[in-house]
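Below you'll find a set of structures to go through.
Presented sequentially are two complexes of chain A, the first with chain B as partner and the second with chain C.
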Partner chain A sequence: MRRLTDPRLLAIPQLIFLGMFLYGFVAITWSSLHPEGTFTFEIYASFMMQRTYQAILWRTIEVSVWTTAICLLLGYPLAYFLARARNTELLLLLLISPWLVSIVVRTFGWMLLLGNAGVINRGLLELGIISLPVRMMFNTTGVIIGLVHVLLPLMVVCILSVLVKSDRALEEAAGSLGASPVQTFTRVIWPISLPGVYNGMLLVFLVAMGAIVTPILLGGFRQTMVGSQIFQEVFMLFNFPRAAAYAVVLLVVSFVLVIPILLHDRHLRRKRNI
Partner chain B sequence: MAGRLKRANSVDLSMATIAVIVLFLLPAPLYFVAWVSFSGEQFLRVPPRSYSLRWYAEFLGSSKWMYALGVSVVLGLVVAVVTTATALFAALAAERMRTASRGWFELLIMLPLLFPAAAMAIAMRAVNDQIGINATFIGVMIAHVVICGPFAYRPIAVNLRALDPATREAAMSLGASPLYTLRRVILPQLKPGLITSLWFSFIISFDEVNVTMFLVGINFTTLPVQTYAHLADSGDPIVAAISVFLILITLLLVIVLQRTVGLKMLVNSEARMDEIRKGK
Partner chain C sequence: MNPILTASKVEKAFGSLRAVADVSFDVADGEFLTFLGPSGCGKTTMLRMIAGFEEVTSGRLLLDGKDMSSVPAYRRPVGMVFQNLALFPHMSVAENVAFGLAVKRTPREESRKRVEATLELVDLAGYGGRMVHQLSGGQRQRVALARSLVTAPRILLLDEPLGALDLKLRRQLQLELRALQQRTGTTFIFVTHDQEEAMSMSDRIAVFNAGRIEQIAPPNEVYTRPASIFVADFVGESNLLRGRVRGGQIELEDIGAAVPDTGGRPDGQEAWVSVRSENISLARSGDATDPAGARVQMLEYGGLHSKAHLTTTRTGKRLTAIVKPSSGGGFAVGETVRIGLDEFVVLDH
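Right, the complex of A and B next:
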């Protein structure tokens, strides 16, 4: 009876849920290799041969890289500011509230702003700055804008969590030893915050790679990303095995692309432990 | 603030400038959503030519939308309770594991966070198809529990590890059973972690759309998915009215969290996650 009271058995419910999720990945890999019941590599072969498929993958990577870079560029200053601000709770409220609003709602907001008859175009037309609407939706620009807005708070929270913990005495020491503010930043603050930056980049990149709703609504179905393509395969073309193959490719490519971040992060941690 | 600005340097100032602009722009799209929700017209147009509350009336009076709202609320509550219980059990189990196996276990728990939503969606759909629970409440619930898992586990595990083991040992040495110790000594101290976990799971489940849209059907759908579907095929301002409704619910929930455990909890559990991911 002793074994039944082992507290480690409490892990079972969690493991069942995780098991179902991992089983799902086995199932889609199987499905992508058995589109008509028999084993064939044909879907993956067509991915490798045809330009259209590669274009979708490249577009997804391009959009995700831009999204990650812009999120970092805008998110770092915000995290830095929040870490130093006195009234953090109130500022966090400002940051977190829009973050938690459904992505459908936020993407809808951008549709109102970016469309050809949207707020920005109409404003610019009335001011006489442009004579024809600028295309900001149904292309990668629109998707990047939407994804940056969706993912920026995630980046900020990741960086902030490290900056909040960091010891301000180090900066003061750097300053009193004669370092300029810029030097203090590049030599002290930035290196300390790197784990948070990597964490944020990793999460933002992976979420951007797998986004579905934002690419559909702001990008449309003509120039799809992998996420919107998967949606199209399932609901419009009814080709589940190909959707499954896309998912497998997406997963593998995403993980391969984040390896450099993980490696450098580990390298940093090793160096600091010594 | 003034005292700070006096000794603010060039780096601080440029960071603050960008930060303030970004903070100001972040909710900007939502202002426009709120604006058009008061449109009196048949189609979306900014600015609307006439104003009315007709889209709110339409939303609140439609059984189709109220059904989806009901599904989302019930789903969110069930997911919150199930995920938090699962995460609490997992955290208690992890505490008793050896360091190495705990590292692997926690990595496994964090795994769903690292899987792109599109891949997750297809995988969960395949699972649901095979068990025969596609387009059912239980199918969506399972997917949501998986998605919320990492967010629910972190605050509880952080909280559990920060507890003073002496309180537990004292209870046990005074003859309290393990279950009694858990109920009377550990759980009360875990309140902030449990609240954060419940809250996070509810809000993620209530808003989730990327994965959920693959798991719903004609007779069973959630509010965000139905909003998406409506937005994708027609352009009437009811979507704006629903959006305002969703924004208000979210704001209410954020304020509740702020009042109960404080928003710092979100940042702190995020920090812990960083350590967990590195297998510390």
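Right, the complex of A and C next:
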């Protein structure tokens, strides 16, 4: 007789969600392989043949890689500074506060800033620094800027969570053994924070790969990413099977690309008994 | 011989708090010096200034005659073993120990040999491949030691490294540390609040109190000739009797007796007599009106010896006396005994 307080019962909601996700995944895979009722690899074949489809995928990967790299470059120093600040919690709150505003509203804000007649361009034109407006919207640059803005706090939080737990005495120990500040960073601080860095990279990369709102608003529909393309296929072209195929490709490619990080992260955790 | 380290009027202030005030001392090459004192007395701050992790507010620190004030910690030939060891969790034992050599870009073969030799020195031969989390407390201790010693520092600083270990392990490591220090000839500066630890390991002890050094001397001198009430009280168990000088004698009201004053103190001046618990002799009295008498309040049993807690009949002053089973076994609680002083020290402050 199973008691109502059996902890294994807590797994049931998780299993339901997992089941729904798997059902959804199976359903869209089915749809992508049966565009008109009969089984065919047509859609996937056309992906591999035609340049436009490949371009969409490459663009998505390119944007995601750039976004992840910039988030890491900006986010690490930020996390390092926050970890050592006296009012870490307050600064963390400030960092997260943009998330309180809807992503659509924020991205519209970027449109105001980045457009050809936007604040940045008008300022630069009036100062005479440029003679023609710099194209920062409806191209990958604008999308990267928007995504970095949204995902930077995520990277910072991931790295911060590891830096905050690490022992300050480790840096002094390294110093007592003759390591300069640079050596202390490369040999002690950076390797120890690596699991946090991997976490951040994984999250930022995967969210960027599947992003929809920012690519639509800042990238437009002429040069789409997979996310905005799926939106277009579903709501404007009503081609559900092709949208489904894009989704499957996105899932598989994203997973394959992050395998190296997953493997090394698992290796590190095993070795360090984390 | 020139001292390896000289501290000259060193001060350290954190805002208005003076953690270290006007401290001066020399350390001889190859010496085992211990900074001893209660929590917050400035001993760790002093250690960290020698290491270079705290800036000296005023005064000078000279290492081998060279002023250290402009030298950052990582350029000083000084190693440190931290209280919580601070072993690198992402490295193996061998990598931890090799760190100081890797940082100097020591060739791999030489590094490997020195690491092996140092691991043998601390009795951890063959443990190179283990990760830190696989080691016991005592083993981690030895890794921390090996890591600091492999670079052959001029001075090794140890900040209460044995605090987290159980008593038996602590005693064992105390002996090992002392032996290691003698074998390598490295100068050790050791910080602890445990006076027994300090006495068993050191060549000299510097007793810290509220940012100042009250006495710096070999253990037996600190014990038998404490320079102040604080030292007498902190090191070992002692009883403090207040006395007043009269006619070349110091009159002790508590035990209705007087001891000769060899310091030529003026009449009427206050002086203190410090007596170690083992230097109080007890004799049968039975006379409750004896001015030199005390009542046995409690007998505390111990392995080697027992302690008698007494209150003097004249003033109610509390005293502690060590009672050896052979001679003093016969005293009972409630009994009145006669107090005698075998050895004592006269202190003015």
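Throughout what follows, the second predicted complex is superposed on the first by the 261 of 274 C-alpha atoms of A that agree within 3 Å, B and C clash if a C-alpha of one lies under 4 Å from a C-alpha of the other, contacts with A are read in each partner's own complex, and residues count from 1 in each chain.
Basically, a residue touches a chain if its C-beta (ideal position, glycine included) is under 8 Å from a C-beta of that chain, and two chains touch if they have at least 3 such contacts.
Just so it is clear, the structure is predicted and the values come from calculations on it, not from any experiment.
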Problem set entry | chain B or chain C, by number of chain A residues touched | B
For this session: Give one of first, second, both or neither to describe whether A:Lys271 is in contact with chain B, with chain C, with both, or with none.
Result: second
For this session: Check the residue A:Ala174 against both partner chains and state whether it touches chain B (first), chain C (second), both, or neither.
Result: second
For this session: May I ask you to decide whether A:Pro191 touches chain B, chain C, both, or neither, giving the answer as first, second, both or neither?
Result: second
For this session: Considering only the touch criterion stated at the top, classify A:Ile70 as touching first (chain B), second (chain C), both, or neither.
Result: neither
Exercise. Can A:Val101 be said to touch chain B (first), chain C (second), both, or neither?
Worked result: first
For this session: Identify the partner contact of A:Leu218: answer first if only chain B is touched, second if only chain C is, both if each is, neither if none is.
Result: neither
Seminar exercise, completed: chain A contact set shared between chain B and chain C covers 181, 184
For this session: Give every residue of chain A touching chain B within the complex, in rising order.
Result: 5-15, 17-18, 20-25, 27-28, 31, 74-78, 80-82, 84, 86, 88-89, 91-98, 100-106, 108-113, 117-119, 122, 149, 152-153, 157-158, 160-162, 164-165, 181-182, 184-185, 195-196, 199, 202-203, 206-207, 209-213, 216-217, 226-227, 230-231, 234, 243-244, 246-248, 250-251, 254-255, 265-266, 269
For this session: Spell out the part of chain B that touches chain A in their complex, as residue ranges.
Result: 1, 4, 9-12, 14-20, 22-23, 26-30, 32-33, 36, 44-46, 85-87, 89-90, 92-97, 105, 108-109, 111-127, 130, 142, 145-146, 149, 153, 178, 203, 206-207, 209-210, 213-214, 224, 227-228, 231-232, 239-240, 243, 246-247, 250-251, 253-255, 258, 262-264, 266-268, 270-271, 273-274, 277-278
For this session: Using the touch definition up top, name the residues of chain C that touch chain A in the complex.
Result: 51-53, 72-75, 78-80, 82, 84, 86-90, 99-100, 102-104, 131, 133-134, 147-148, 151
Seminar exercise, completed: chain C partner, complex, touching residues on chain A are 167, 169-170, 172-181, 183-184, 187-188, 191-192, 268, 271-273
